[in-house]
Each structure stands twice: as structure tokens, then as C-alpha cells.
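Shared chain: chain A. Partners: chain B in the first complex, chain C in the second.
Right, the complex of A and B next:
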């Protein structure tokens, strides 16, 4: 369990992080969202023991980040936003170097395991400098994993990656979450975060504006459900039918067959609406709630102001 | 995937062990950063990729080794082992800055520094690990050159073994302080090139310019420079030459051999003590340099005012 309480960082009068608090449990993949300069990296660096908080506390499985940084370092894997690798060594040598520093036993076996997990086995004997950007990113992640950390702090891990590498990384992070690790990922690419994060936090000017499951945050910000119905034939009659119902607004015909609208209600209301629609003889082909739109929420919550 | 890690290397220093032993355990024998030595070795023995520079240095050393071997065999007992040791000293004084100027500045520039800082090692262990790696390379080169030096020593009739050994140890201690100095300048510099320039400059000033000037000035007012530069390897070479020359009156020597041997031993012990102490001071200075988290300095731009020191 990671517990962050009122964490604050003050650089001699300049407040970079203004007392943020949240809790994460094993298996949580937490998306940390914010503009440049919002305080994401500072927060992550405080959790990584690279910066000492001015006040507040953070504990990982009961161990205090400030009081016992050495113990914490054994439990975390940190991937900075910008990083370099030793390019004059081979991939396995690079991992062996860090495995030795972390005091890992059975180093060759562990290196093989992390290379397999990060899909770099074929590059084991390649020089680090010969790797593509995506592979270097994965190697950096592999380095974070050699000591089997409980908490992974990934600062903009997908920046500069092509779509394929990004998709691979996304899958890898999701897998790490399934392995029971707490993963904190900061990113600007919001739709991707919504895909694999089970909770997100939106930070601006050092303040955590929202924290929770993506759906919950969207629900808070958008009380109405955004639904879409596709019918067989013309959608005009459906628009008319929906217009006659209470609790429905923003009805919009997207094309000749599809209509989107907002429903003010809960899951029960949604189910009743569908039943009523079918009972009324509306030829429903599909009826679905549109995915939570994190980007909309982010834009609504934040002003774009930076520290 | 589950990984077992060894018991913590950062056990608190207990009062049961002697302080020196505690220090040795923490910074040397159980320092995880000893792997840096292996990394250096791999850099020199892994060919290809980004290792052309390292391979070139290795090739150069092999070339010097070959030339020395041929020269010494051809000279048939006319080459003093001191020549090999002198050559080693000059080469390593120049190679140390070239090879180790980027130990810390390079990590910063490459942005790999943070990854070391989040590892469970202290700044002290990082610095000592890097100095040890640099020193071990110096030892490695000495081992490489020890064969021609040994051949020269056994074939040269005036070799004084005890003098040669203490002189070698003194040279090694000088290399240790040189490696520590390079690491310090690397820790203080923002860019590796700045570190390289200052390291080379420092070596030239400390080991060449100042002794030469002092010797020149000293020569005018009575030579006291040898007393001032008892730590300098070349002072020891000079004293060793006097031992070799006894009986040949090359320096107009008329003192008994024992006196010269005594002088050399005293100078060598002084030099070793001086360089060990200097290495310690430079290492501590390097560690102190790293106490301020780099990020805080970068973040604020103007030094660590109000910034908190590294949590360790």
C-alpha cells in the first residue's frame, strides 16, 4: 500500500507541490495527469527519494520514504522522463550492473526473466547504443524491474515512442499491474492512460484536483451519461422519441442511423430507457455508453496555468 | 517474476567493529558499486559498438607494452626498471583524466545519474566505487607493464629491489590520488569536457609546472625543491637513481648506500601517506559535492538556497 499524505515541496518560497494526498494498493495502475510544470515530476521524484519533501509523508508498505530512503530504494523502480543509458556496454551487461548494485541473487537468471518480460531477449548481446528508442525505453523499464520492486514510478514513459512501441509499452505496464505492483505513470497522452489505468489523478499547479477511477472522475465531472444508439433505418423518429422523454438532453443525430444523447440518471435508468425504447418498437441495433473521455475532464478541470 | 536480493548492504555501523574495519566493509568490501570495476573491465574487453575509444586505448597500451618488451630484450641489461615505471607514471597521469573525466559529469550529461541515485547506495559508495574502478585500471596497466619492468629489473645489474618495490607502491598511491582528483573534478563539473580540461590542467600544473618552476627558483637560492616535492614520483625516481649510481659516481655521490636507501624509503613512505591522505580528502570532497541533489540545483537554477540536502 502506498499512502501519500499532504506531500508538499517548497523551493524557498516557490511551492511546487501543495500538499497532495492519495492512496494506492497493490495492482493499482495510477495515471498521473497534468500539464508541464504542474508538479508531477516533483511528486514522483519525492516518492523516488530524489527530493526531500518539505512536509507531509509518504509510506510504502509502512516504510517511510523520508525516514528510510535506502529501504524504499530497494522497493521502487524509477524511470525518469529523460534518461540515458550506458551505451558502451551490452544489454545484459547493463542490467547486470544494476542487478549487482541492488544485490540481486541469481543475476543471470533474473536478467533473462526481465529481458523476456520486456521482450528484449533477442537483444541480450546487442550494444545498448544500437537499440531503437522504444527498445531503450523497454531496457530502462527492465532495469527498473531487476530487483522486483513493489512500486514503479514511470515519468512520461511513452514520450517519443512510435505507436507500435507505445502499444507494447502500454501492454507491459498493464501486465505489471496484473503482477501486483503499484504503478504510477505520468503522461500527457490521456486516452492511453484511460485504457490501462484503473485510477488517475489530475494535478495542476501542485494541487491534486481529482483522484479516483477514471469512470468515477468522469461521472463527477459529467453527471449525465453519454449514450449512443444506432437504429435500423432512419434516426429521425428516435430523435423525436427521445425528445419526449424526461432526463434526456443534448440529443444529436450523428448520421442517418446514429443518435447520441445525455441521460441524467444511473445504470438503472439506463436499463429502463433501453427497455422502453425496445417496447416502443424502436429498431435498436446497438445501445452503448460512450467511453469516459478523460481529455474532456482534464480540460474542464484545469485552466492550463502552470507554476 | 520474483527476485531475491541479498541482505541489506547498508547495515548501520555497529560499535562492535573497529571504525576502520566498518569503513572498509561499508565502502570497499561490501560496496555494491564495486561492480563499476567490472563495468570498466567490460568496456575495455568488449570490442565493437561504442567501444572504439576504449579499444583504441587498450591497443595503445598493448603497443607500448610491445615496444618496451622489444627494447628491453634488445638492450640486454642496459635498461633500468625505473624507466618503465617512469613511463607508466607519465602515461597514467595523462590517461587518468582522459579515461575518468566523465565518471560523474558524463553520468549527468547522459542523464543516467538519477538511476544511480535511486539505487540503494550512498553517495559515498558511488564515489568510492568510481575511484576504485579508476584505481583498478591503474593497477591493471601496471600489471601489464610489470613484465617488461621485471625483465628489466632482473637483467639490469644495479637494480635495487626494495627501492623498486617502494617506488612502485608510491607511484600506485599517486595514481590513486590522481584518480580521486579526476573524480572530484568530474563531480564538480557540469560537462565532461570541462572536467577533462580541468583534470589535465591540474595534472600538468601540480606535477609539471609547479615542480619545474619551484626547482628553477630553488636552484637560484639553494635547492630545497626536493624537500617540498617529496610526494612527487619523480623525486623518488631521482633518489632511486642515486642508489643505482652508487659506485659509479654519476651524481658525485660519496655518501654510503644505506643513507640513500634510508632517504628513499622515508620519501616513499611519506609520499604514500601523503597520496593516501590526499585521496581520502578528495573523495570526501567529492561526496560533499554530491550532497546537494542535482535536481534541486537544476530546478532552482541558482544553487540550493532553501533546498534540502539529499535524504540519505
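Right, the complex of A and C next:
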């Protein structure tokens, strides 16, 4: 369990993080969202024991980040927004170095395991500078995994990656969550975060504006459900029919067959509405709730101001 | 925490660095060039000094020794340059590729990392020395030296290499760019060589006296190592080879330099800084005491050495611990000029208490150690002038550091200006006086050299008392600068660019 309480970082009158608090449990994949300069990296660096918080506390499985940094370092894997790779070092040597400084036993076996997990086995004897950006990113992730950490801090892991590499990384992070690790991922690519994070936090100017499951946060910001219906034939009559109902607004015909609208109600109301449409003879082809749009929520919540 | 054994013999940083150093064609080319240069010097030296058909035996012996001296001199130059250069890149390259942050996100103490860096460089130096063995063997076969002299000399040179590598590592920790680190390291290495050569020369001057019984201080001069490698000193009536105490003191110097680098890599007001300062105080007490254990024929040699070592440490450490201002990560705001409770915290207010404690411990050690251990040292009092000079020099640099910091907001500029003044004070007057005055500073009658503040360290015994004068001048000057700095700081705090200090104080 990771418990962050009122964590604050003050650079001599400059408040980078203004007392943020949240809790995560094993298996949680937490998306940390914010503009550049919002305080994401500062928070992550404090959790990684690289920055001393001005006040507040953070504990991982009961161990305090400030009081016992060495113990915490054994339990975390930190991947910053840069690679920090050595030249003239082979992939296995790079991992061996980090495994050694973490005091890992059975190093060759562990290196083989993390290489397999990150799909880099074939590159074991390659020099790190010869790897593609996506592979280097995976190697960095492999480095974070050599000591089997309980918490992974990934700062902008997908930046600069092509779509294929991004998809691979996404799958890998989801897998780490399934392995029971707590994963904190900061990113600007919001739709992707919504795909594999079971909770997110939105930070601006050092303040955590929202925290929770993606669906819950979207629901808070968007009380109405955004629905879309596709009918056989013209959609004009459907628009008219929907307009006569209560609790429905923002009706918009997207094309000749598709209409979108907002329903102020819960899942039961949604089910009743569909039943009423069918009973009224509306030729429904598809009826669906549009996915939660994290980007909309982010833009609504934040002003774009930075520290 | 890792054991000392792990740190020294199973260090991952050392293993990785050594692997990289020897990888590919680069190492082969480097070693070939090095051996080529060494051989070229040997051939030229042999050709100009020895390749003649008729010389008498005495002259031949003298020329063979001179040949040996040329080869070893080249070797010393190579080791100093290589060790300093490798040391200067050790940390700054990690900073530049930002891998330092990755290392410190692991459960790694800065000491483990720095020791690893140093071991990696030391292994490389050993390789350089081993590669020189065939060339040295030529000298031995020709009769310029014995195997014992050569091997002892190589060992002492390796210790010098370690010291210079540690100097490079400290500079590397201070710098932000490799070129800056290399320039600073080489500059410090040159000054250290001049300083050490002058001290070694002084030791030889007082120590040789036609016997092999010389103070081990002579070994601190890199370019005379091989000439006095097998010399010994009398310790409690027992002849002890000088390389033994030299090795002990060299390792202590390296440890102190590493402590300095470690404190630069550690956060402020942390347990690490506290531990490091306690260690520094302990060494400050222990080192002068240990130096008494190998008294020279004249106790005054140690007086020079105490002054030399003290001023060297002061010049290196005071600018770092005194300067204040803001940098990217750390905060060293001006929290007062003298707060004893900040002695071990690493904040600017604790700089003066720490300096007083540091030099106080050294003074107590110098004055009390011979009495505590009933050592037959006749010249304890002769150390006082240079101790006073060291203390005054420290106060001056402290005052100057505060005065400079008061006018600047960035700590880096303040440190740089302080370091330049520290180096300039030592080097510039010497250069000026040697230009103006044709006399050597070692001559007691050279009046103009009285203007050189460090004459009591480098000059003859007769000029030792001048250390009191210059120590006093430095101390008064430092106190005035500190007072001026406080006034300037108070005035500057009203200006917008110093706003952060005030806001931080409120926070």
C-alpha cells in the first residue's frame, strides 16, 4: 500500500507541490496527469527519494520515504523521462550493473527473466547505443524490474515512442499491474492512460485536482451520460422523439443515421430509455454509451497554468 | 549496508568502468601511444647521455641514474595526467548523461559509487605502470637503479596516481561539464604538483644530509619519488621504510578527498553530511598526530608539511562550505554567519563553527599528540606559525566567500570566485616575486619574499615566524570581509533579485 499524505515541496518560496494526498493498493496502475511544470516529476522524484519533501509523508508498505530512503529504494523502480544509458555497454552488462548495485542474487537468471518480460532477449549481447528508442525504453523498464520492486515510478514512459512501441509498452505496464505491482505513470497521452490505468490523478500547479477511477472522475465532471444511437433510415424522427422525453438534452444528429445526446440518469434510466425506443418502433441498429473522455475532463479541470 | 569488502573488491561501478575502459580498440591505441612515447623518451635520453664510447665508471653511473630519472619522470608525468583526466570525467560524465540519478535511485551510498570510480581508475593506473615495466627493466639492466628501488617507486607512484585521481573526482563532482571538470582538475593538479614538489624539495633539503634517513614527506614530491623510494625514517628507534607511512597518509588524503566529493553528492542537512563532518573532524585530529610518528631529522620539516597540508585542505574546502546562494536542487540560503548548532548540518551558518572545530582539532593534535604518546619530538613549537597561518588563511577565505556570496544569487559563481582567489593567493605572488626578485625563496636573506604569504611553509626554517604575521593579516582581513559581506547582504535583501531569500526565511 502506498500512502501519500499532504506531500509538499517548497523551493525557497516556490511551491512546486502543494500538499497532495492519495492512496494506492497493490495492482493499481495510477495515471498521473498534468501539464509541463504541474508538479508530476517533483512528486515522483520525492517518492523516489531523490528529493526531500518540505513536509508531509509518504509510506510504502509502512516504510517511510523520508526516514528510511535506502529501504524504500530497494522497493521501488524509478524510470525518469530520460534514458541515462551508458555508452559502450552491452544490454546484459547494463542490467548486470544495476542488479549488482541492488544486491540481486542469481543475477544471470534474473537478467534473462526481465529480458524475456520486456521482449529484449534477442538483444542481450547488443550495445545499448545500437538499440532503437522503443527498445531503449524497454531496457530502462527492464532495469527498473531487476530487483522485483513493489512500486514502479514511470515518468513519461511513452514520450517519443512510435505507435507500435507505445502499444507494446502499454501492454507491458498493464501486465505489471496484473503482477500485483503498484505502477505510477505520468503521461500527456491521455486516451492511452484511460486504457490501462484503473485510477488517475490530475495535477495542476502542484495541486491534485482530481483522483480516482477514470469512470468516476468523468462521471463527476460529466453528470450526464453521453449516448449514441444509430437507426435504420433517417434520424430526424429519432431526434424529434428524443426531444419529447424528459432528462435528455444536447441532442445532435451526427449524420443521417446517427444521433448523440446526454441522458441525466443512471444505468436503469438508460435501460428504460432503450426499451421505450424499441417499444415506440424506433428502428435501433446500435445503442451505446460513449467511452469516458479523459481529455475532456482534463481540459475542463485545468486552466493550463503552470508553476 | 554493503560491507567494506563489497565496496573495495566487489564494486559494481568499478567493474563496469574497467570493462568500458578496456573495451574496443581505444584502449589498445592509447596504450600503444603511451608505450611509444615512453620508449621514445628512453631512446632519446639514452642516445644523448649514454651512447658514447669512453666514459669513466663514476660518470657512467651518474649518467645511468640520470637516464633512470628521465624515464621515471616521464612515467610520473604520464600517471599524473592520466589519473587526473580519468578522475575529472568520472562523475561529470554521469551527470551529463543523467545516469547519476538512476544510480542514486538505487540503494547506493555516494561512497560506494565514488570508491568504485576510484578503484576503476586505480586499476587502469596499475595497468599503465605494469606496461612501463619493460622500459624500467632496461634502466635496471643497464645499472641505473635496483629492482627494489623500481618496485617501491612504482608503488609510491601508484599512490600518487590515486591522490590525483581523487583530486579529479572532487573537481568532477563540482563541475557541470566535462571540459570544465578537466580544466579545473588539471589546474588543481598542476598547483598540487608545484605545492608538493616545493614541499618535497624542502623535506629533502632538511632531511637528506648525506644519509638515506629522510622524512617521508619527501615522497610527496612526485618527481623525486624514484630517487628516495627506498629511504627510511626512524620510528621509536626502529628504521621504517618511508613508503609505509606515505601509503597510510596518502590513503587518508584520498579518503578526505572522497569525503569532500561525497558531501557534494549528498543532500544538505542530512545524516550523510553530519557523518562526513564528524569523520572530517576525526581525521583532522588523527592525521597531524600520525605525522608525528615519523619525525624527520629536523622537526621543522613537519611544520612545513602541516602548513602545506592545512592550507591545501583549506583552499579546497572553504569555498565549498562557505558560499551561499541558490542552485537548481539545493538550497543554501544565508541563515546567519555563526551558529554553533549548525556545526554539522552543512548550512552556511555552520561554516565558521566547523572551520574552527576542524582547525582546533588539528591544533590540539599537533600540540598534544607528542605529549600523550611520549614521543621524542623536540620541535613541537615550530609548528605553531604554520598552524596560525593555516587558521588565518581559512578565516580569510571564509570572509571572502561570504562577501562574494552576499553580492550574488547563484552559489556556483560564489564558489568559483572563492576558489580562484584561493588559488590566486598561493600562485600569483610567487610568480610575481620570482619575476621581480632573482633570489630563490629558499634563501633566508631574500627580503622581498617576505611579501609572499606562504613563505613560512615553503621558505627556510629561519622564516617560520613570519607565519604568525601572515596568519594575523589573513584573519583580520577575513573578519573585515565577513563584516563587509554582512552589511552588503542586509542592503541587498531589500532588492527584488534577492526576494527568494526573504520569502524562504518566512516560509
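Here is the rule we go by: the second predicted complex is superposed on the first by the 307 of 307 C-alpha atoms of A that agree within 3 Å, B and C clash if a C-alpha of one lies under 4 Å from a C-alpha of the other, contacts with A are read in each partner's own complex, and residues count from 1 in each chain.
By definition in this document, a residue touches a chain if its C-beta (ideal position, glycine included) is under 8 Å from a C-beta of that chain, and two chains touch if they have at least 3 such contacts.
Everything numeric in this text was worked out from a predicted model, so none of it was measured.
> Fit or clash for chain B plus chain C once both are placed on chain A?
Overlaying the two structures gives a clash between chain B and chain C.
> Once the shared chain is lined up, is A:224 touching chain B (first), chain C (second), both, or neither of them?
Touch status of A:224: no partner.
> Taking the superposition on A as described, I'd like to know which of chain B and chain C A:274 touches: first, second, both or neither.
Neither partner.
> Determine, for the superposed model, which of the two partners chain B and chain C contacts more residues of chain A.
B
> With both complexes superposed on chain A, which partner does A:251 reach: first (chain B), second (chain C), both or neither?
neither
> In the overlaid three-chain picture, which partner chain does A:301 touch, first (chain B) or second (chain C), both, or neither?
Neither chain B nor chain C is touched by A:301.
> Does the superposition put A:74 against chain B (first), chain C (second), both, or neither?
In the superposition, A:74 contacts both chain B and chain C.
> Just chain B (first), just chain C (second), both, or neither: which does A:104 touch?
Only chain B is touched by A:104; chain C is not.
> After superposition on the shared chain, which partner residues are touched by A:189: those of chain B (first), chain C (second), both, or neither?
After superposing on A, A:189 lies clear of both chain B and chain C.
> After lining up the shared chain so the two structures overlap, which partner does A:82 touch, if you call chain B first and chain C second: first, second, both or neither?
Both partners, chain B and chain C.
> Of the stretches 169-177, 367-375, 421-429 or 475-483, which one in chain C hits chain B?
169-177
> Check chain A for residues that touch chain B in one structure and chain C in the other, and list them.
Touching chain B in the first complex and chain C in the second, residues 10-14, 48-52, 70-71, 73-74, 76, 78, 80, 82, 84-89, 93, 96-98, 100-103, 143, 147 of chain A appear in both lists.
> For the complex, give me every residue of chain B touching chain A.
1-10, 32-33, 35-36, 38-39, 42-43, 46, 48-51, 54, 109-112, 114-122, 293, 295-296, 299-300, 305-312
> Along chain A, where are the residues that touch chain C in the complex?
Within the complex, chain A contacts chain C at residues 10-14, 48-52, 70-71, 73-74, 76, 78, 80, 82, 84-89, 93, 96-98, 100-103, 143, 147.
> Which chain C residues qualify as touching chain A in the complex?
Touching chain A: residues 1-2, 12-13, 15-16, 19-20, 23-24, 97-99, 101-109, 112, 267, 270, 326, 329, 331, 333, 499-501, 503-504, 506-507 of chain C.
> Can you check the complex and tell me which residues of chain A touch chain B?
10-14, 16, 42, 45, 48-52, 54, 66, 69-71, 73-74, 76, 78, 80, 82-90, 93, 96-98, 100-106, 110, 113-114, 117, 127-130, 140, 143, 145-148, 179
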